[in-house]
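Paired with chain B in one complex and with chain C in the other, chain A is shared by the two complexes that follow.
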Partner chain A sequence: MIVLNKDTIKIEKEQDVVFFRNRVAEYADKIKMGLVNKTKLLTAASELVRNMLRYANGGKVLCEIISHATLQTGVRLTFSDQGPGIPDIEKAMQDGYSTGKSLGLGLPGAKRLVSIFDIKTQLGKGTTVTITKWKNG
Partner chain B sequence: MEKIPILKMGDFLLVTVQIDLYDRLALNLEADLVNMINKHQAKGVLIDISAVNIVDSFMGRILSNIAQMSKILDALTVVVGMQPAVAITLIELGLPMTGVRTALNVEKGMELLKRNRILDSEEEETTSTDEDDSAE
Partner chain C sequence: MAAKITVYQALNKNAKKLHEDWLTQQMQDEGLREDLISNEELRLESEEFLKTFLAAIKDDLLEDSNSSNFDKLNEMLAGISINRARHGFSPRETGYYIFSLKQAIFKTLEKEITDLKKLYTEILRVNKLIDSLATVTFETFIRGREEVIIRQTNEISDISTPVIQVWDNILALPIIGTLDSSRTQVVMESLLMKIVETESTIAILDISGVPAVDSLVAQHLIKTVSATRLMGAECIISGIRPEIAQTIVHLGIDLSGINTKASLSHALRFAFQTLRLEVRKKTDKTAS
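Up next, the complex of A and B:
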C-alpha cells in the first residue's frame, strides 16, 4: 500500500469541522470518488468528528489518499483523541446506545457508510477510529 | 454572525439553506423559525435543502425538531430538494426523520402546503363534527 497524500487536521472547535470536511471533500474529488460514496464518507466523517468534540474535547484527524497495488484507491481517515475512552465498545457500536442522551447512531451509522471501520480505545487514554472509503465501494 | 434568512410569503415561511450547516447555525435556525411561526401565526414552513451536501445525524435531528415544534404551533413543515445522494446516505445511516414531510422541489412543496391549508380551513368551517378521517 502506498500513501499518495496526507495531512493532519486539528479539531478543537466547531469551526474546525468545516475546514476538515472541505479537506476530505477535496481528497475524495482528487481520486474522482463518485458523489454517493463521497457523501457517505463525508457523513461518516462528520459523525466521528462530532463525537470527538463532544466526548473527548477534540483531537486530530489524519487524512490520507491510499492506494493498493491489487486493490483500489481510497480515502483513509484516522480520528485520534485523548479523551476518556469508551468503556464498552460492543455496546457503543450498537444502534441506539448513547451516554449523551442522543440517538446513538454515530458509530454504527458511520460503520455502515464506509468500506473499512476500525476502532481502538483505552480507558483514560483515548480513542482512535480509522475509516477507509474506496473510490468504488 | 452568519444567519440563514427566513422569508415570509403570506401564511408561509420559506427557508433556503445555501450552505452546509454547522451546529450553531442550525440551532439558530431552529430557534428563529419557532419564533417566526409564533409571531406570524404561520401555517406552513418550507425548507429548501437542495444546496446541502451533507445531512448527518445532528442536522437530521434539527430538521425533525423543527417539524415537530411547528406541528405543535399548528404549522406544517415540508423539506424539499434533498439530493439523492443525501437521501441514500441518510437511510444507510439509519436516521429516522420523524415527522418530516418531504417533496421533490419548492413548487411541489408549496402545493403540499397550500393543499394542507385548504383542508385546514374546510375543517374549521365544518366545526362541530368530531370525525377525523384525515390520513396521517
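Up next, the complex of A and C:
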C-alpha cells in the first residue's frame, strides 16, 4: 500500500464541515472517482465529521490518497477525536440507535457507503474511525 | 545633562519634528493608499495618536503595555485598525502605520541621547513597546475582517432562501448550499409564513443546489415537511439527483412518506394535477 497524498484538516466548528467536504471532493476528483462514488464518500465523510463535532467537540481528519498493490486507488480518511468515546459500539452501529436526537443512521449509514470501515473507541480517550473508498468500489 | 534625558522628554521636546518624520516615513511606503485615506486625514490621525502616545509614556514606564496608562492608546489603535480593516486596507499597510513610528522615534532618540549604552537600552525598550502595540493592531485588524465575514455569511443565508409563488396556491423554495440547523430554521420560518400569507396548499422544496444530503440534512427536510403538513399544505421535494438518490438508499434514510420528484418541472406538473389544473397548447379555432 502506497500513500500518495496526505493532508490533515482540523475540525472545530460547523463552518469547517463545508471546507472539509470540498477538500475531500478535490481528493476524489484527483483520482477521477465517479460521481456516485464521490457522493457516497462525501456523504459518509460528512456524517462522521458531524458526529465528531456533536459528540466530541471537534477533532482532526487525515486525508490520504492510497494506492493498493492490485492497482486500486482510493481515498482514505481517518477521523480522530478526543471525545468521551462510545460506550456500546454494537448498539451504535445499529440502524436507528442514537443517544442524541438524530435519525441514528450516521455510523451504520457511513459503513454502507464506503468500501472499508474501521472504528476504534476508548471510553474517556476518544474515537478513531477510518474509512476507505476505492475508485471503483 | 543630555545623558539623563528620558525617552519621554526627548520625544516630547521634538514632538513636531517626530510627527513630520513619521508622516514622511509613512508616505515613503509604496503601500500608502492615497485612494483610501487623504494626506490630511492621515496627518490628523497621526497627530492625535502621537499625542496619546506621549501621554501614555509620560511616566517613562515603557515595559508594560497592558498597564492602565496604555488603555487609551490601545483603544485608539484598535479603533484605527478596525477602521482600516473595514475600508479594505491590507494588513501590511495597517502594520506599517505603527512600524513606521518606530523608525521616526529611533531617529529622534539617536539625536537626543548621546551616550551609546543608554541609547541602546532605550531603543530596546521602545522597540518592545512598539512591537506589543503592533500585536494589538494585528489582533484588531483580523477581528475587523472577521466581522465583515460574519456579516456577509448572515446576508448570504438571508438572500439564499427566497420563497417564490409560482402559481396560485403553489409555492416553490429553491435551496442552494448546505442545509444546517440555523439555515433550516430560516427556511422553515419563511416557508410557513408565506403559506399563511398566500394561503397556498402546495409547497415545492427544490434541493438541486444542495451538494450532499446526509442524515442531518434529511432530518431537517423531514421536519420541514411535517411542519408544512401541520399547516394544511402538501410538500413536495424535488431536484433529487441520481447520485443523491443512491446515497440516500445506502444511508438507509426513509423518505417514502414524502412526495419526491426528480425535477422542479415534474413537481410542478404533479402540483397542477393535484389542483386539477391543466396546461394546454393553444389551438387555432379559426379553421372552424
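By definition in this document, the second predicted complex is superposed on the first by the 136 of 137 C-alpha atoms of A that agree within 3 Å, B and C clash if a C-alpha of one lies under 4 Å from a C-alpha of the other, contacts with A are read in each partner's own complex, and residues count from 1 in each chain.
What we mean here is this: a contact is a pair of C-beta atoms (placed from the backbone, for glycine too) under 8 Å apart; a residue touches a chain by one contact, two chains touch by 3 or more.
Quick caveat, the model's predicted, so the values are computed rather than measured.
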If we overlay the two complexes on their shared chain A, which of chain B and chain C does A:137 touch? Say first, second, both or neither.
neither
I'd like to know which partner A:50 touches here: chain B for first, chain C for second, both or neither.
both
Once the shared chain is lined up, is A:84 touching chain B (first), chain C (second), both, or neither of them?
neither
Please work out whether A:58 is in contact with chain B alone, chain C alone, both, or neither, and reply first, second, both or neither.
neither
Is A:112 touching the first partner chain B, the second partner chain C, both, or neither of them?
both
In the superposed arrangement, what residues of chain A touch both chain B and chain C?
14, 17-18, 21, 35-36, 38-40, 42-43, 46-47, 50, 95, 102-103, 105-106, 108-110, 112-113
Residue ranges of chain A touching chain B (in the complex, touch as defined)
14-15, 17-18, 21, 25, 35-36, 38-40, 42-43, 46-47, 50, 95, 102-103, 105-106, 108-110, 112-113
In the complex formed with chain A, which residues of chain B make contact?
20, 22-24, 53-58, 61, 83-86, 88-89, 92-95
In their shared complex, at which residues does chain A touch chain C?
14, 17-18, 21, 35-36, 38-40, 42-43, 46-47, 50, 95, 102-103, 105-106, 108-110, 112-113
Spell out the residues on chain C that touch chain A in their complex, using ranges where they run on.
178, 180, 211-216, 218-219, 242-244, 246-247, 250-253
